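In order of appearance the chains are A, B, C and D, and numbering begins at 1 in each one.
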Amino acid sequence: MRAIQYAAPSTVEDAVAILAEHGSDARMLAGGTDLIVQVREDARDTGVFVDAKKIPELMDLSVNADGSTTLGAAVPCHELYNNAQFAASYPAVVDAARIIGSTGIQGRASVGGNLCNSGPAGDTIPPLIVHSAVCNIAGPDGKRTVAVEDFCTAPGRNVLADGELLVSLTLPKPPAGSGSHYLRFIPRNEMDIAVVGAGASLVLDGESITAARISLGAVAPTPLFVQAAGDALIGLTADEDSFAVAADIARDAASPIDDMRGTIAHRKQLSYVLTQRALRGARAHAQGGSPTNGH
Amino acid sequence: MATVHIPTPMREATNGAARVEIEGATVREVVAGLEASYPGLGGRLVEDGQLRPGLSAFVDGANVGRRLRTRLQPESELFFVEALGGG
Amino acid sequence: MATEIQSGKVHVQTTINGESVDFLAEPRESLLEVLRDNLGLTGAKEGCNNGNCGACNVVMDGVLVNSCCVLSVEAAGASIETIEGVASPEGLHPLQQSFLENAALQCGVCTPGFIVAAKALLEENPDPTEYEVRWWLAGNLCRCTGYDKIVRAVLDAAERMRAEA
Amino acid sequence: MAVDTRVGQTIKHHDEEYKVIGTRPIRHDGLEKVTGEARYGSDINLPGQLHGKVLRSPHAHARIVSIDTSRAEALDGVRAVITSAAFPDPGDKLTGGGEAPGLPLKFKSANMLARGKVHYHGHAIAAVAAANPHVAAEALKLIDVEYEVLDPVLEVWDAMKSDAPVIIEDLYTARADGTTAEEPSNVAAEMLYEVGDVDAGFAEADLVVDREFTFGVVHQGYIETHNATAHWLKDGHLHVWCSSQGAFTIRQELADLLDHPITKIHVVPMEIGGGFGGKTTAYLEPLAALLSRQTGHPIKMAMDRADVLKATGPTPGGYVRVKLGVTNDGMITAGYANLAFDAGGYPGSVVGAGCRCVFAPYNMPNAKVEGFDVVVNKPKTHAYRAPGATHAEFASETVVDEICRTLDIDPVEFRLKNSAKEGDWQLAMPPYPRIGHIECMEAARDSAQWQTPLETAPGKKRGRGIASGFWFNIGFTSSVTAKLNSDGSVTLLEGSTDIGGTRTSIAMQFAETLGISVEDVDPIVADTDSVGQTDVTGGSRVTFATGLAAHNAANDMKDQIVEGLADLWDVAADSISHADGTFSANGKSATVGEAAGLLEEEGVFPIGKNTVTPTREGGAFAVHIADVEVDEETGKVEVLRYTAVQDAGVAIYPPYVEGQMQGGVVQGVGWALNEEYVYDDDGHLLNASLLDYRMPTALDVPNIETIIVEVPNPGHPYGVRGVGEVPIVPPPAAMANAIHDATGVRMSHLPMSPARVQAALAAEA
């Protein structure tokens, strides 16, 4: 590994100052499970590691007065599924947190880190999108917010400018009657990168769908928000026929590539199948059950 | 007389015979006998007085490796087989 | 106050297996490298160096981590438990005893990681199902045993520990 | 209460009762391994040690135009840089010893550091010694190599074409008849095995099934990466500490490659973190030695995982065709097979063994098998657990299943009817000695899994498959030296690297023979200066051959004790009897421990020793049953239940026989479903990590039920057969047959990955 510098600021301001000073040579270090490995394997050239974990805002996990939740960018995955309130409100995010890497990875890896890594297959990104999460960004010019679906711009790239960091995510309070689910297809049952990932959220009024969001991972250069698939469900009954309609739209929206992890044909098929399964899971949640995170 | 089983690819030298009877008290003597009866055949089995690298001799079911001095019984059956490794 | 940017050799104070430990390390050195090469704690192994095999598992501030994915400097102020701290002066941990009795190791190179990971599991969930054991240990690769005897050993140890508790 | 590890049954076909053999002691090296104290190769650090790293080729096939190491040498902390020029000229010498003696040494030498040309992505180019691993890694980036990139040839079917680029310009096919081709090509060797009259056999057949199969490259996947530490002393003595399946093999290779006297080479086997055939040859040891000679310091080297996957010896991909003829009542009349395997960048694949295993479970009156060893631009392939047999028997056992389906014959009945048995001809080999395929098949038929109908589930595609497997057992040479201590305990020195508990299985045979408890034996894996010649740990040979040496050494010790007691008791040696560890004569008696005390006073310290090259190996059969569920929508295959049956001859150390079976099954399941090297068109290996080279996790497999069948090997005093390798052979075929049972689709490529299964299902629909 190349020689690096390390800093552990205790305030967002200090972090911004260091990031601004070192420009593209500096990156925030949250769980490190991507960043350390990427620099070690020459997949990223970062000279200054700015540890996020001493900054209170980045380690914050709390419910706000309006019922929304603030998720600090460096909160590790294992804290999410051990937090009953968070798990009940944002099941799709927890579905993802439970399947990223191994138990040991989940002890360090964070949702914010996964988002900033901006991989097309990042497991937490479709769940954040279906929960309409918003990124809270701080930088030399102050703060700004960006919807998660607009955050990633290309594989490994995002809207963060030099000097900016992701402080936290705001997840709106889920409406009554809502449910969500995320699942991915991997050849093994754990320890893999999604060949395709699918997240769905539903808001039900009885059997009728009043709102829906669907997002796919690993089928485009960035995690894909398939707005049309969710919109098509509004007003329909939450049943297999409706889910098939959404799944068709999701499959058409997917524009995957052939790579070592999957083929175009398989990924198209999986986009359809996983959308259906994500919707079934979301329905189960909305109806008070819990979906099987089947593999 | 020992019975020698001739590997298929080498049967051209024995006019197609799959088995031949050769006199010899040791594997080495049988190989010499083979060469005498079927010129050129011995040379495919033995190089510089040693069994060719990668070959093993089996005498009456026992893998005697490259030990050409192995003694034979009058009714012995002799095979030449590629040596194996393993994981 | 501006934050110090550390480079070169950094002095790190930490706690390992209950004892206060100081070491000097470059920020690029991983916790795994420091444990093995600076501190002589070679029980944690490098199998992949990217978080995919679990052979380097240690517990850091109560959380199971892959020490190959932790920078040495991040250990400052932390409390770290390694395989070397699992047995007590009185004897082996029930998991270690169970691994021996259940023949749950072959080459043994993944064994420290499995035991550290399984100990973290049983501290969180003293009565896991077979599925929960397999799920928790999915990040620990073993190429020799086919996992069967490892899973049985963990369940066996859990039972013993519950009986003793 | 402890969980009973005796999950499986043992079915004995013999009447022997043993005191130690067949018991389940705690392994001697277990404590160190559960506490993290065991010392593996990378766990040692020597005073003054430097660290070595290897520069590897970014191209699959290229000519090296120039290498400039000057910038790397100038980097602070760098102490030496070597290229292939550091190796002596191998000339026309052949390799000695080891697993595949007789190959040109120049190939092995060029595989250590590329000589003029790179043959695969990851081929070693240069090595650096530096103050720490990070500086060494930085130095690699400062080595300037100019390449002339050439077209790669990646698959055997392309490499065998007459217009294929020839990778090794002076490689002439070694033909099966002992002659050599006149034009160079990528085919290093051809082989031909034949028994009976194949044409006549096929003419008698009512049904002929002829199928082709292809295979991806797979890796052994041991968790410990390769490592070596070397110290070249100024007087020429070379000390090497390494992780190898054979310390003596490494010594021989170092002597060959470095042209250095074997007496000056001392190899210390460290604990080894898995091997499975992949650690039977040197990669880093010669480099560490040369860097040490150049710097005067000990050099420690360790591969990272990407190095391991790119540049060690995976097992071949390739092609197998199997054609079987049968009568309508299910008797095999003839078989033909054609196998072409990747040798990788240099000659020497495991195709010969594959040829000889392809029809091994069956009595084949007429069979013909052709094999081709083909050089391609991939890493030099190597043995992996029953090398070649898994490919070969995946093909033949799939064809057998198809025949059973077509003729509507029960697959167990078919196999019993056609099973090879004692006295049947083996392909190009002497007739089978006593073997246990029938006994294994009967045990499988009677197993809980086979007797329990597959549970159906609505909307789920489930199926059951069965397959046989065979693998040889090799003898080679093993040595044991055992010292009787004055308290009656025994220090046992043996030379076999212990990968899976063999220290104990060897000690158990010693203890059984001498009549002492296994806890009184302290087995030690000794270095090359401390024990007699011992060949590689491989070919399922250690418990068989080194165990035989231990048995013989115990008898040698027994004879010495008897001689000593005869002197002491003033009786004739032949009047002293030995039973249950007690020597008696004329009303006097002494246990081994008492005898040791008595003899100590006389100044007698017996040392039992033996070096043995066994000649009657015990090949082993296995029969496996797999139940699977196929997700039709995704193509993913889940293993629901699995039973492995295997003839162990006699299971010396049953928990570790079961462990070998279970571990082999899971490796086989990984091979069946997901493991493969993924290359791009330019020959770059894309998935050189444990993230993307997908080995099974604990969550991917169920418990593996085991049934040990004991049909003793007549060639061993305790009936031992090799057990380590054959359990990897049946899983892919058993899984493929189960997938067919579930879906009606026949898979013809390994691995049967979700994308492939889904595509096959879509094509069928």
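Keep in mind that, in the parts below, a residue touches a chain if its C-beta (ideal position, glycine included) is under 8 Å from a C-beta of that chain, and two chains touch if they have at least 3 such contacts.
Keep in mind it's a predicted model, so treat the numbers as computed, not measured.
Chemist: Among the chains in this structure, which pair is joined by the largest number of C-beta pairs in contact?
Modeler: C-D
Chemist: I'd like to verify one number: the distance from the centre of chain B to the centre of chain D, where each centre is the average of its C-alpha atoms, in whole angstrom.
Modeler: Computed value for the inter-centroid distance: 28 Å.
Chemist: At what distance in angstrom does the C-alpha mean of chain C lie from that of chain B?
Modeler: 57
Chemist: Could you put a whole-Å number on the gap between the CA centroids of chain A and chain D?
Modeler: That pair's centroid distance is 43 Å.
Chemist: Where does chain A touch two or more other chains at once, residue-wise?
Modeler: 1-3, 41, 189-191
Chemist: Hunt down the residues of chain C that sit against at least two other chains at once, touch-wise.
Modeler: 26, 28, 49-50, 52, 135, 137-140
Chemist: When you check every pair of chains, which ones turn out to touch?
Modeler: Touching chain pairs, listed by label, come out as A-C, A-D, B-D, C-D.
Chemist: Which chain B residues qualify as touching chain D in the complex?
Modeler: Per the stated touch rule, the residues are 7-10, 12, 43-45, 52-54, 58, 60-65, 77, 79, 81-87.
Chemist: Touching chain D in the complex: which residues of chain A?
Modeler: Against chain D, the touching part of chain A is residues 1-3, 41, 185, 187-193, 195, 259-263, 265-266, 269-270, 273, 295.
Chemist: Across the complex, what residues on chain C touch chain A?
Modeler: Residue list for chain C touching chain A: 1-7, 10, 26-28, 30, 49-52, 54, 57, 60, 63-66, 69-71, 73-74, 76, 117, 120-121, 135-140.
Chemist: For a test of understanding, state which residues of chain D touch chain C in their complex under the given definition.
Modeler: The touching residues are 1-3, 5, 7, 24, 26-27, 29-40, 42-43, 45, 134, 220-225, 271-276, 302, 304-305, 499-501, 655-656, 658-660, 662-667, 689-691, 695-701, 703-704.
Chemist: Which residues of chain D touch chain A once you look at their complex with the stated criterion?
Modeler: Touch list, chain D to chain A: 134, 137-138, 306, 633-636, 673-674, 678, 686-687, 691-692, 694, 696-697, 699-700, 753-755, 758-759, 762.
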